[in-house]
Amino acid sequence: MMLIDIVFYTFFLLAALAAVGILITKNVIHAAFYLVVCLISLAGLYVLFDATYLAVVQLLVYAGGVIVLLAFGIMITNRSDGQLLSSSHLLLPGILAFGGVLVLFTIFTVKFSPGIPVNPDSDQVQQMGIVFMTDYLLAFELIAYLLLVVLVGASYLAKSSQS
Amino acid sequence: MSIDPVYGLGLSAFLFSMGLLVIIIKRNAIFVLIGIELILNAANLNFVVFSSADPANTGQLFGVFSVVLAAAEAAIALAILLNIFKFYKSTDLHQLNRLKY
Amino acid sequence: MIDHLLSLIVFIPLLGAGVVLFLKPDQSAIIKGTTLFLNVVQLLACIILVILFQKQTDAASITTNFQFVEKYEWIRLNLGESLRFIIEYHIGVDGISLPLVVLSSFLMLVAIISSWNQSKQVKGYFVLYNILNASIVGCFVALDFFLFYLFFELMLLPMFFLIGIWGGPNRSYASVKFFLYTLLGSILILIVMIGLYLGVTQPGSTIHTFNIIHMMGTENFVQDSLLRPGAGGTIFGIAARYAAFLALFVGFAIKLPMVPVHTWLPDAHVEAPTAISVILAGLLLKVGGYGIVRIAYGIFPDAALNYAYLIAVFGVISIVYGGLNALAQRDLKRMIAYSSVSHMGFVLVGLGALTVEGVSGAVFHMVSHGLISGALFLIAGVIYDRTGDRLIDNYSGLAGKLPQYTFVVVFMFFASLGLPGLSGFIGEILVLMGAFDSASSNGLLPPWIGVVSTTGIIISAAYYLWATQRMFFGEYWVREASWESNMHDISKREWTMFIPIMLLVLILGVYPRFLLDFTDNTVNQFVNYVLEVGANLMGK
Amino acid sequence: MDLKETLSGILADLEVLTSELILISGSVLLLIAGLTRFGRQTKLLVGALVVSALFLLDNVSGRYFNDFLILDPVAVFLKYIFLFTTAGILLFDRKKHLSEFYFLVIAVLVGSMFMVSVTNLLLIYISIELTSYAAYLLTGIDNNQKSSEAAFKYLLFGGVSSALMLYGISLIYGSTLSLNLEELQWEATSAGGLILLFAGLLFKTSVVPFHIWTPGTYQAAPTDAVTYFSIVPKLAGFGLIYHVINAVDPVFQNEITILIGSLSIITILWGTFGAILQKNAKRLISYGAIAHSGFLLPLVFVDYGGGIDAFGYYALIYAVMNLGIFYFLHVAENELGDNLKITDFSGLGGQNGIIGASVVVILVSLIGLPPTAGFTAKLVMFTSVWMEFKTDQLMIWLALFVMGLLSSVVSLYFYFRIPYYFFLKQDAGRKVKFPVKNVWVTTIFALSLLYLFIQGDILDNFVVMFDPIDHQNK
Amino acid sequence: MTYPHIIFFIILVLPLLGGLINFLAGARSGPWIATAALLLSSILSVFLLKLTVDLPSVLRFTWLPGIEIGWRLDRISVSLIALVSFISMLIHLFSIHYMKDDPGIKRYFAKLGFFTFSMLGVLGADHLLLLFVFWELVGFSSYLLIGFWYKNEGVPYAARIAFITNRIADAGFLIGIILIMVNSGTGFISELQSIDQTGWWVGAAGIGLVLGAFGKSAQVPFFTWLPRAMAGPTPVSALIHAATMVAAGVYLLIRTSVIMPPALVSTVAIAGALTAFIGAFSALAQTDIKKVLAYSTVSQLGYMVMGVGVGATDMALFHLWTHAFFKAGLFLSAGAIIHYFHKHFHSIDGQDMRNMGNLKSVMPVTQFSYLVCMLSLAGLPFFSGFLSKDGILLKSLEWSALAGPWAFIVPVLGFFTVGLTAYYMGKQALVVFYGKNRMETELVKDKEDFLTVRLPLIILAIGSLGLFYSFNPFVHHFQILDFWFGHQIPLSFSMGWLAPAISIPLAVGGLFVAFRSYRPERSFTYRDYVARGHYRKWSMHALYLDQFYHESMVKAFNMISEIIYGLDRRFIDPVLNWLGMSFVVFSKLMDLVDKLIVDKLVEFVAYISKLGGDFLRLFHGRRVQLHIFWAVLGTILILLWINNFM
């Protein structure tokens, strides 16, 4: 069982360090890279927590889609002089928020009495598929409509910004 | 696969706080977007950790929905960012102060 | 038609407002014509009302004493199964409110004539004017607290704009101050209204009601309500019923203007146009007095008895303070305003005495003060129209140049300071007799109240005569030569305003039973009601 | 689990959503029409859509899509209000981005309709996100500098608060392992989770501390969009809070009442005192809207019978008032140009008396003085607060009563600055005459407020549809 | 409405009608109509006298609900009504001549008619409240008439002071009336005897009535307004400030002395005596012909009040009756002189005695009537004044014997005043009519018109002779008193002879002293007479009482304008001292309170709400990240709060 623990700790540390990296770096491109590292390590953690389906979705949607979007954003908005904006402003409020949230959420997590983990069923994908189409049909349809709205809205806004 | 879920929750709390810190401190709009992605992922992690104890695995399902929604949000954010860039020629949040009294 | 007479009187001006709304701004002649015509119709309806009004009704008590009563269900709301309440369109008139209704209709007619050559935004002026007319008459006839409060507030808006737009130099300050003061008062009244309607139900059913008559009946109160007589409910320490009475009293005292809360009156008067300050002094102050009699005394007679002495003391302070301030004024209109404060002090003393003479004196004084102060402001208007300036020291020896005007001024000044043979004297003598009588009959007021209020007639003599001496006697002199050109005596239009008022003041002075016969029966029942019911409620 | 049977059950449940489905398909049609030459008739099309949705909306209540969708009279009543407001929005004359604008408006409408009829955590999150995303897009649609900046800020603020909500939902899920709120047990993590869930809800209804975005967004966004934000999502948010509270009601403690009570007091005071200083007309009205959310919040909280009726009453009148005042601001903007200062109104009273008079009536209603429906709304609200105070004797209700009255008096001071400049101040040059159509529409809003006051009880049989949904005991 | 009352109403209304008709008619015929109306009403009043001789007729009606008032015509009131209307008729007659070329003649006769109407009302009224109504109307008409020539300097001021002094006294009077009406249940004068006089209120009511009477009849504290009232036309002074109005106070005392406690009655006596003395003393050094007569009126009124005080109400009424005749006569002759100077020597001040002299050559009839009235006033036997004054003095002697050691002051003052009166009246007669003409220009011969000037003078002179009342001057019992007060058993004074024995030598002595210093050949010295010397100055200025009032109360009214105007501009001036100042400061303080505290309150509320506004701007700043921070902070606080409950 040692292997599992080692893998877990590596992903755990990778995610944490990536987050710290985003904080420290001033360069947007590095930040995007650190974000990718963090997402991938999270996907790994999901696998460890028997959420393999979600891990794949994460990799596809996030690592694939969102990061690409971010990349386009960075390329368009990064002006040639590449002057790096100084990061440290509103330091005090940031620290305060960070401390408060960290303390509170850890309180919640500590008070939480975890349920006994259940070993996974055979194949989640098929089970999830059925559930999507039966119990969660309403949510599924609604999320579809939402995506349509976002698609139309975002593209309209983006188009008008170019003209 | 008995990994103690507390670590997961701890990591999610840490990621959430780091994300919040990034959002508040950074001046570049892209950083703030990245920060938002981070805190949404932290919430996702939470769901995954809890769904490990749930036979019906609803947490994971929620995670899927939440990932999709995060993507949608990123799309909108970038669309609006493009607009802002057109007017302000920069993504520095300090310059966004036209909304005076 | 007869049993809808009261509604007719209330809604004719609203009809007028509607008609004027559809006229074009430049048809000022037609606008004024319709308003005048409708007001005359309203006055005729009032006269019919007076003719048909039975002076001696066989009603058992004040609550069943109303005539021309109209009662229709208006709003029926239910908030969950535990709170259903009903608001009725319930109007009626009795001995105390009838004279005030007739007075308001009459003064409104006079004020129309006085604002005849108003040239600025005539349409807006007369729409607001008609709404004001309807709301004042509505206040006097409403018997449903919600309807009363609606008319009470409806009065506020037109006054605010009438002073604000058509007023003098710094009119906006005066109108805002007027609005804030009266609104503060109405908030107090609103709180008590909510407390009352939650506590009172229609006899024999659980539907809450705003009906004033039911509120007067002690048996209609819900068991656990805070304001139920004898329930001994307390808020912040003092008895709930007493606190409610004080809130109502202060709310109406702001309108009456009692001394500590009167500062809005001089500013409002100085800035208001002539016709509006006639209505402000003639009618709005009476709504305050009427409110105290009908609502504060009617619903909380026990508290009225308890605070009678306090009310009389404030009345006396108003008399002396108002008089002294009038003595120190340089502006004629501001002096007349402070004299109104002093005269309303008499009304308070009359109400505090709670004897038959005292209360009928208070009611009579309200009507006579309405007429006299209306005329006084017309007088100030006359000089203001000619020269645009009202400072007493800018004139001297006007008697030579304007003999007729001097006759009217001397007549009105002496009517106001209480020369016997004119109506001012009757009001004062009745109130003073009430004050002295209460020391022996119901022991509410000590004799010193009567003595100090009598000094009021000296102070009023002082400032009126001093003003006459400076303005009207001695060599003829005016500050600006430019005023010479339009220093003509009273025009025919102005005479049509003064003659009816002077006749009424003289008739009421010589033969007061012309008015007192109407109020006598109701005042008797009112005083018995307050003394009896108040005493045994206090006893409980 | 027999697949065929569940599918047929779902199909049966679908016809409950007919009005939402009509709206969604209609909006797609709208997009297509936008491209072709029918572009000019988009308003007509939207109007038809709304009318048909109105007809198809039937007063049915029950639980569908295995407890994902819960309909009750409150939800139906609020849906009626939303559809009326959408019809109201059509009155605003809009020239640019016609079809996309109404597409997003319908998106917000559908999102709000779902918000009021769900208590399942997942659907709560999705419906809130749907409404919020459509709102961000609507804010940024007139892509001028100010509105896109406002959109971005709105998005950032919204993003953080929805992230907080998501975290809260995960905690609740963690403690109950089910997405159904009714199974919530009252212990540490779920209490924290519930509070965080409220973060998202308070953001939508712009209640303290999540109200800071309101002034900026209301000032910059297009006026008809702002009118829509200030009514539909806000009332939907309150509807959702009402359902969430009813769902977790049995475990409710007094502390939560005190918390919500003090939040609403702070909101009222924040809105009232914030408005005093404002120079920009739209910011002033937005602070007023914040104060009104402070009045609406306790009504969903009052658990004695009449509370929710009072909420329904107040909500409808609030909608009419906001439509009225924002329509006037929209008309004023067309005449006097953007970024409307209050002082820009000076001297207008001269020529356009009628519109001035109707604005006065609407403002008097916003303040809560008698001749208008605003007074009965406030009266009904204060009565419920008083009755609540008498039932559970919590001092917070008395404090709320007093603060409410105080703020009404102070609100008079800032609301009356508009007619004050409109009538009492003279302005030298500017000859401004409002077009007759706009004057008539504003007057209709004012007259309806007066009529609602006089005929108070037509609302009554509307509101009487409420019989508070029976709480299934856990 | 009994028959006598119809006639009474006609008498009452006639002067008013006369005045109104004259106001409408032309300047020529108007005055005659008014005089004719007065003539008719005096004839009718004599006829009414005959009617009500045997039984007084009473009329009562409810004026206010619960309050019944009414008229009562008994012998006293009707005879006084006859007196007033008769004298008023004479005054009207004289005024036609006196006011012939005055532009405001129509206004004058209207006001005179209004005065007579209200004076008759006072006499006819039975209920105190009704009396008060007409009492105030009399005061108002005197205000109008004094202020008739409102253009001249000082006239409006005199009118205002007269009215306000009366008003102050009437306030006390009103309190007295109300106390009586409220506590005794009835306000009828005729029923005053029957009410029980226990209770605190009787004393207070008495004081009130006395206050009212003293105000109207110009007694000690209130007499300063009468000399100033001379600013009015002379016929007015003759009618109002000699014969009728000032007598109303005495009439009131006579009617209501019944209910006054004994202590109060004796103070009234002393006050009366004091007034008599002060009036006479002030008349000594006066140079203005009308001022002398005014102060003499004050002194004679003092006698009447003393009469009431010592219990001789019948004698007081009789003195009132006789005084009306001779004082009106004196005033009318003074009026004739003033008119003569006004017509012929326009530049010279017609009222100053120093430039008169040897007028007997020019105005024989005036001189004759003046002489008769003067002697009657001085109190020589065979004249009416002697009879009534001696009656009072006799009663005061008898009363002082009973009333205690200090009471002797009253008769002493009384007798001493007889001497003074004789002196100043003698001086005036000598200076005005005899001796050489003190003016540079020669006196113009001008025959006075018989009807309007000579006739009234003659009638009044005859009226002041003592023959009508009793041939033997020394008897103390007169049919007229029987007529008024019913049959009286003649009192057998042991010292009945003592009063005339003292008063006649004093009167003759006074005249002799006056003759000695102002006999015709030495009268030229009077030309440049200036009141030097201590006692003359005090007399000239009537004990400076007038100045004192002026400084404290009267001036306070004038000072109000300067002080307040001063206060308005700067803070309260350290100069303030005197009682008057606190009166003014108090009223100004009220105004300041009004401005300072209450208006500041409004601004304070606005300031606080502004402060709140600034605080909010801190939150709604521009940087959205700050917004996010505040929101997150809010959530953290809520979570912490919830935690400590869990």
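Which chain is which? They are A, B, C, D and E, in the order written, and residues in each are numbered from 1.
Everything that follows uses one rule, which is that contacts are C-beta pairs under 8 Å (C-beta built on N, C-alpha and C of every residue); 3 or more make two chains touch, one makes a residue touch a chain.
Quick caveat: nothing in here was measured; it's all calculated off a predicted structure.
Student: With a step meaning a move to a chain it touches, how many steps does the shortest path from chain B to chain D take?
Tutor: Tracing touching chains, the least step count from chain B to chain D comes to 1.
Student: Treat chain E as missing and name each group of chains that still hangs together through touching.
Tutor: Ignoring chain E, the remaining chains still form one piece.
Student: When you check each chain against chain A and chain D, which touch both of them?
Tutor: Both-contact set = B, E.
Student: Compute the centre of every chain as the mean of its C-alpha atoms, then state which one is farthest from the centre of chain E.
Tutor: Result for the farthest chain: A.
Student: Using CA atoms only, can you tell me which chain is the most central one in this structure?
Tutor: Central chain is C.
Student: Write out the two chains that share the greatest number of C-beta pairs in contact.
Tutor: A-B
Student: From the mean C-alpha coordinate of chain B to that of chain C, what's the distance rounded to whole Å?
Tutor: Going by mean C-alpha positions, chain B sits 68 Å from chain C.
Student: Report the inter-chain centroid distance for chain A and chain B in whole angstrom, where each centroid is the mean of the CA atoms.
Tutor: 6
Student: Chain D to chain E: how many Å between their CA centres?
Tutor: Centre separation, chain D to chain E: 81 Å.
Student: When the C-alpha atoms of chain A and chain E are each averaged to a single point, how far apart are the two points in Å?
Tutor: Whole-Å distance between the two chain centres: 107.
Student: Where in chain D do residues touch two or more other chains at once?
Tutor: Correct list: 122, 126, 129, 133, 137, 140, 143, 152-153, 156, 160, 167, 171, 174, 177, 188, 192, 216, 413.
Student: Do you know which chain B residues sit against two or more other chains?
Tutor: 16, 19-20, 23-24, 29, 32, 49, 53-54, 59, 61, 65, 69, 72, 76, 79-81, 83, 86, 94, 96, 99, 101
Student: Could you say which residues in chain E touch two or more other chains, in rising order?
Tutor: 617, 623-625, 628-629, 632-633, 639, 643
Student: Can you name every pair of chains that touch?
Tutor: Here the touching pairs of chains are A-B, A-D, A-E, B-D, B-E, C-D, C-E, D-E.
Student: Show which residues of chain B lie in contact with chain D when the two form their complex.
Tutor: So the residues of chain B in touch with chain D come to 16, 19-20, 23, 29, 32, 36, 39-40, 42-43, 46-47, 49-50, 53-54, 58-59, 61-62, 65-66, 69, 72-73, 76-77, 79-81, 83-84, 86-88, 96, 98-99, 101.
Student: Applying the document's contact rule, which stretches of chain E touch chain B when the two form their complex?
Tutor: 617, 622-625, 628-629, 632
Student: Spell out the part of chain B that touches chain E in their complex, as residue ranges.
Tutor: 20, 23-24, 32, 93-94, 96-97, 99-101
Student: Help me check something: in the complex, which residues belonging to chain C touch chain E?
Tutor: The contact residues of chain C facing chain E are 177, 180, 260, 263, 321, 324-325, 327-328, 330, 356-357, 360, 393, 397, 399-400, 414, 419-421, 425-426, 429-430, 432-433, 436-437, 440, 450-451, 454-455, 457-458, 461-462, 465-466, 468-469, 472-475, 512-513, 516-517, 520.
Student: Hey, which residues of chain B end up touching chain A in the complex?
Tutor: Listed in rising order, the residues of chain B that touch chain A are 1-22, 24-31, 33-35, 37-38, 41, 44-45, 48-49, 51-57, 59-61, 63-65, 67-72, 74-76, 78-83, 85-86, 89-92, 94.
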